[in-house]
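Have a look at the structure that comes next, please.
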Amino acid sequence: MKRILALAPHPDDLEIGCGGTLAVHASRGDEVHAFIATYGDVGGEAPVRKSEQETAAAILGVQHLHWGDFQDTHLPEQAQALMAKLESVVQEVGPDTVYVNYRDDTHQDHRVLAQVANSVTRYVPNVLAYETPSSHAFEPTLFMDIHDTVSQKLKALEAHASQVDKTHVRLSIIEIALATAHFRGVQGKLTCAEAFMPVRLRL
Amino acid sequence: MKRILALAPHPDDLEIGCGGTLAVHASRGDEVHAFIATYGDVGGEAPVRKSEQETAAAILGVQHLHWGDFQDTHLPEQAQALMAKLESVVQEVGPDTVYVNYRDDTHQDHRVLAQVANSVTRYVPNVLAYETPSSHAFEPTLFMDIHDTVSQKLKALEAHASQVDKTHVRLSIIEIALATAHFRGVQGKLTCAEAFMPVRLRL
Amino acid sequence: MKRILALAPHPDDLEIGCGGTLAVHASRGDEVHAFIATYGDVGGEAPVRKSEQETAAAILGVQHLHWGDFQDTHLPEQAQALMAKLESVVQEVGPDTVYVNYRDDTHQDHRVLAQVANSVTRYVPNVLAYETPSSHAFEPTLFMDIHDTVSQKLKALEAHASQVDKTHVRLSIIEIALATAHFRGVQGKLTCAEAFMPVRLRL
Amino acid sequence: MKRILALAPHPDDLEIGCGGTLAVHASRGDEVHAFIATYGDVGGEAPVRKSEQETAAAILGVQHLHWGDFQDTHLPEQAQALMAKLESVVQEVGPDTVYVNYRDDTHQDHRVLAQVANSVTRYVPNVLAYETPSSHAFEPTLFMDIHDTVSQKLKALEAHASQVDKTHVRLSIIEIALATAHFRGVQGKLTCAEAFMPVRLRL
Amino acid sequence: MKRILALAPHPDDLEIGCGGTLAVHASRGDEVHAFIATYGDVGGEAPVRKSEQETAAAILGVQHLHWGDFQDTHLPEQAQALMAKLESVVQEVGPDTVYVNYRDDTHQDHRVLAQVANSVTRYVPNVLAYETPSSHAFEPTLFMDIHDTVSQKLKALEAHASQVDKTHVRLSIIEIALATAHFRGVQGKLTCAEAFMPVRLRL
Amino acid sequence: MKRILALAPHPDDLEIGCGGTLAVHASRGDEVHAFIATYGDVGGEAPVRKSEQETAAAILGVQHLHWGDFQDTHLPEQAQALMAKLESVVQEVGPDTVYVNYRDDTHQDHRVLAQVANSVTRYVPNVLAYETPSSHAFEPTLFMDIHDTVSQKLKALEAHASQVDKTHVRLSIIEIALATAHFRGVQGKLTCAEAFMPVRLRL
């Protein structure tokens, strides 16, 4: 049994980047925690998004949901408070493995969370970066086979009902997630995969 | 009217990497040439693969097909002869733009073609690298909208009937191509795209 | 007709990095906007520098000059306000293409503008980074032929009369600009060029 | 039980790069194979070095030693034959994980083995690069705790008696190995580690 | 006689990263300055750590110790004040060469000091980055032979008595420093070395 | 007094990449050797080019000219023989510092010489890569002030009379060299510089 902590700037980032992987951990009996820095209220109603995230987490088997309660799109100004908060979450959870979005990203909240996580996870043995549609120059070398959990991942994404069609192309979040799972699968010599870049991983 | 030259190590690499883009060029009235280094006879019968490639090229609107007649999987030994051959093709075609597979790749023929192309295209104003499923560390920044030609791309891939199901995952070449078009599309803020890394491009 | 938006931290950065390119756009009939974040009053008198910038912009054919009115050398502290301001400029202009200085730079204002631009241009189809003398590790792959506009570029630089000889070597800004145009030209197989790194470009 | 295949250009490269890791695999009950491309006869007598390598392999728990019988320092000329040989070894062993020296290296044999391995391992799910003293720009992110096997690693290195003092600094191979184990350990938040860069790894 | 300025976020970072190099400079008769941004009071008592640093500096031959008096672990919030302070130190010292910790690091104070130093050293002819145990992706190409000063380096580290055993592995700071000196030595074809990445160096 | 060895694939590459630097070494009393791999007979008459190179070397103060006598544009096929030849030159000269063209280049001879040099200089303490107009992704961090020798550099280039106007842009080799000296000068905070990337340098 391992302790897993996944970090996300907003509701639904987690499902996009590592939803299938968290479901794999849950199915293995690992203790799965998630930390969401904001309620994503710039992209929707806070109570709605919070509730969607709780549903999605339950679908994936995430057992503990930690909320940051920070102001959406304003993480750069709140970086020091975010660091203090995350230090205490890491302290409390004592994770074997942390998942966090990749640092090169067009969204300022994503960049700040990745950078703060870099500090607070400095003694965590395994730290892995996941991708989102706003990641840039993401070159994964690690692959999780999500063949058995991809349907959970898609259901968890559907649970974010207020966001499913909020994309900037003529594809829903579901379609994007499935294309990504196949694209990364092929790179990992798999049919469905989520892909990661290691900050640090113990073999 | 521009002159386009696309280079590929084997039949079907072209369709995978830049088939939709060549169809866009053809629809704009550009003169489209392709050079295929080998008949891909390690992966099938040479006459079959040659014929499939001819059909696929016609579907995309490629007007001139140049064959290298080199030995499949043995390009490293034939690098100097390949360079001489490609020099003469580049001389003859006088391309404005060359497309060639990316150099970091697990297939030795792909690596050698990319490296040789690097030399022979040294005075070509526009040289762009495309990806294949065996590319590694490919970080594209250029995107061609293939919304209007993706069906041609898929048909051209189907024309390679002997190869469609020869993948190492439970997805056909068609499914992989579509997932890739959506994945790269999202990165380019498009619905369907082919993605490229510039060696050199004139604005 | 395209809409072009060029972003600069201080007066004269624009002329140095992409002055010839903006003049090319103007000559093609594109609508050319520029945003200057500060008046550069640490390096001169604000009214003088503002006036020099207006003259330079006119020489290049820049039709719309947007001023940020931020405090020179202090952009790091004003990052959130800069982001809000730039969001509204991007909203108003609706650019097809944004030019912005490269992010790895010894000047803190340059670093911050590049990072903020990374966020606000997230849905702009074409975003290109230009170089300045304080850029670091700039590896361009895109080249604009400025043969026909280099004299406009040099005149626009001369219009920044208070700055022309403020360099840290025994070369004027004009001499540096011309050496750069030739150096980048050779890389792009041209005689005079401005060079760019793509954040994202549509073919 | 997993099948492990470690590739090395010369006797003792394996012990230097991943000796402690192979001993960990052996202790877990994995089936451990090694392939040594040459007898290293430029650096010693071939029969002596072969025998030293056999002793060292036994110390580590390597069960199957495959010899390439290629000419030392001349791998570039033998690349195609090496590829054919390695294809058959990979076919025969069917490894879950391949270890191979990193590709950026001052020794031509190291560069060629890494490149050939890149091709022959194209469908192996886990491929990891190890470092040697001639590696360059090696940036590891994966760490194997070798606390329990470091003494085996050092004994295996001592078994290469003809090589122990053949270094170009005033340190024996043993001293270099121990310093490396501590240096990489600290990076992995461990006391003794071997470090790897992933080509591709399944979580 | 040259003027050397070494920058460090906390007491003992200097000794770890470039203590042997500073001792070489002192032995050559160079004027050696050090700037320490904080008293490191999160990791110990401020007066104790200040006194330890003074002793260590004396052992290395550092003649001028400049204190930043900033709040430990909170440099991100104090970046602008740190920049102003460092501008005045650089102005006062007029260094030929500046040493500063590498910018990719898990400690937020390290990242901020490196970034601020990037700005304030913009006209310093030689700027070199040193490593610490929290550096990431550090790829050195410059090596200082510290064979004659390594004992001073170790004594200077011992002078930080409150920190010697505060590591996160079963190795003291002394053991880590010696392993690092050997590891980097081998890369530089030396027995004992400190390693650097150039920001900018004049030959 | 130091021993310097500069390596070049063809006549005039040396003058372009490090002519001013070699003249600085000569003026310091260093022993300066050059090795030219081919007579460059694809770009001119071999005896003419040999004689031009001898004149140019004399202008720069290069005291020992070593000729490789390899076939122009065919270095890839002659790599092993080139390695043997260069091993003996390095053995004979015993250089403190080796200069060689950068490895990422559109010319196959340049790529091969750089790669072979990587092997034969493995124990040379200082190895620096210079740029040529066909270099790619060259990011220099080391700068030699050539203010006092730039006129020698230009004269040495003029001595290659058969090549001066053989460029692919409307600039002579002299004009390109001067633009490059200023461009790299500004990066090194100098008026005229040659720029290098370190493979390995001792401080």
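Every chain is named by a letter (A, B, C, D, E and F) in the order it is written, and numbering of its residues begins at 1.
By our rule, a residue touches a chain if its C-beta (ideal position, glycine included) is under 8 Å from a C-beta of that chain, and two chains touch if they have at least 3 such contacts.
This is a predicted model, so every value here is computed, not measured.
Taking the definition of touch as given, a chain qualifies here only if it contacts chain C and chain F alike; those chains are B, E. Taken together, chain B and chain F share the touching chains C, D. Between the two copies, chain C and chain D, the Cα superposition rotates by 180°, quoted to the nearest 5.
The distance from the centre of chain C to the centre of chain E, each centre being the mean of the chain's C-alpha atoms, comes to 36 Å. Rounded to a whole number, the gap between the C-alpha centres of chain B and chain E is 51 angstrom. Among the residues of chain F, those touching two or more other chains are numbered 123, 168, 187, 189-190, 199.
A list of each chain pair in contact follows: A-B, A-C, A-D, A-E, B-C, B-D, B-F, C-E, C-F, D-E, D-F, E-F.
Across the complex, chain F meets chain D through its residues 79-80, 83, 115-116, 118-119, 121-123, 199.
By the touch criterion stated above, chain B contacts chain D in their complex at residues 74, 76-77, 106-108, 111, 134, 136, 168. Those residues of chain B lying in contact with chain A across their complex are 133, 137, 139, 167-171, 175-176, 178-180, 182-183, 185-187, 189-191. Put simply, chain C touches chain B in their complex at residues 21, 123, 125, 128, 141-145, 187-190, 196, 198-203.
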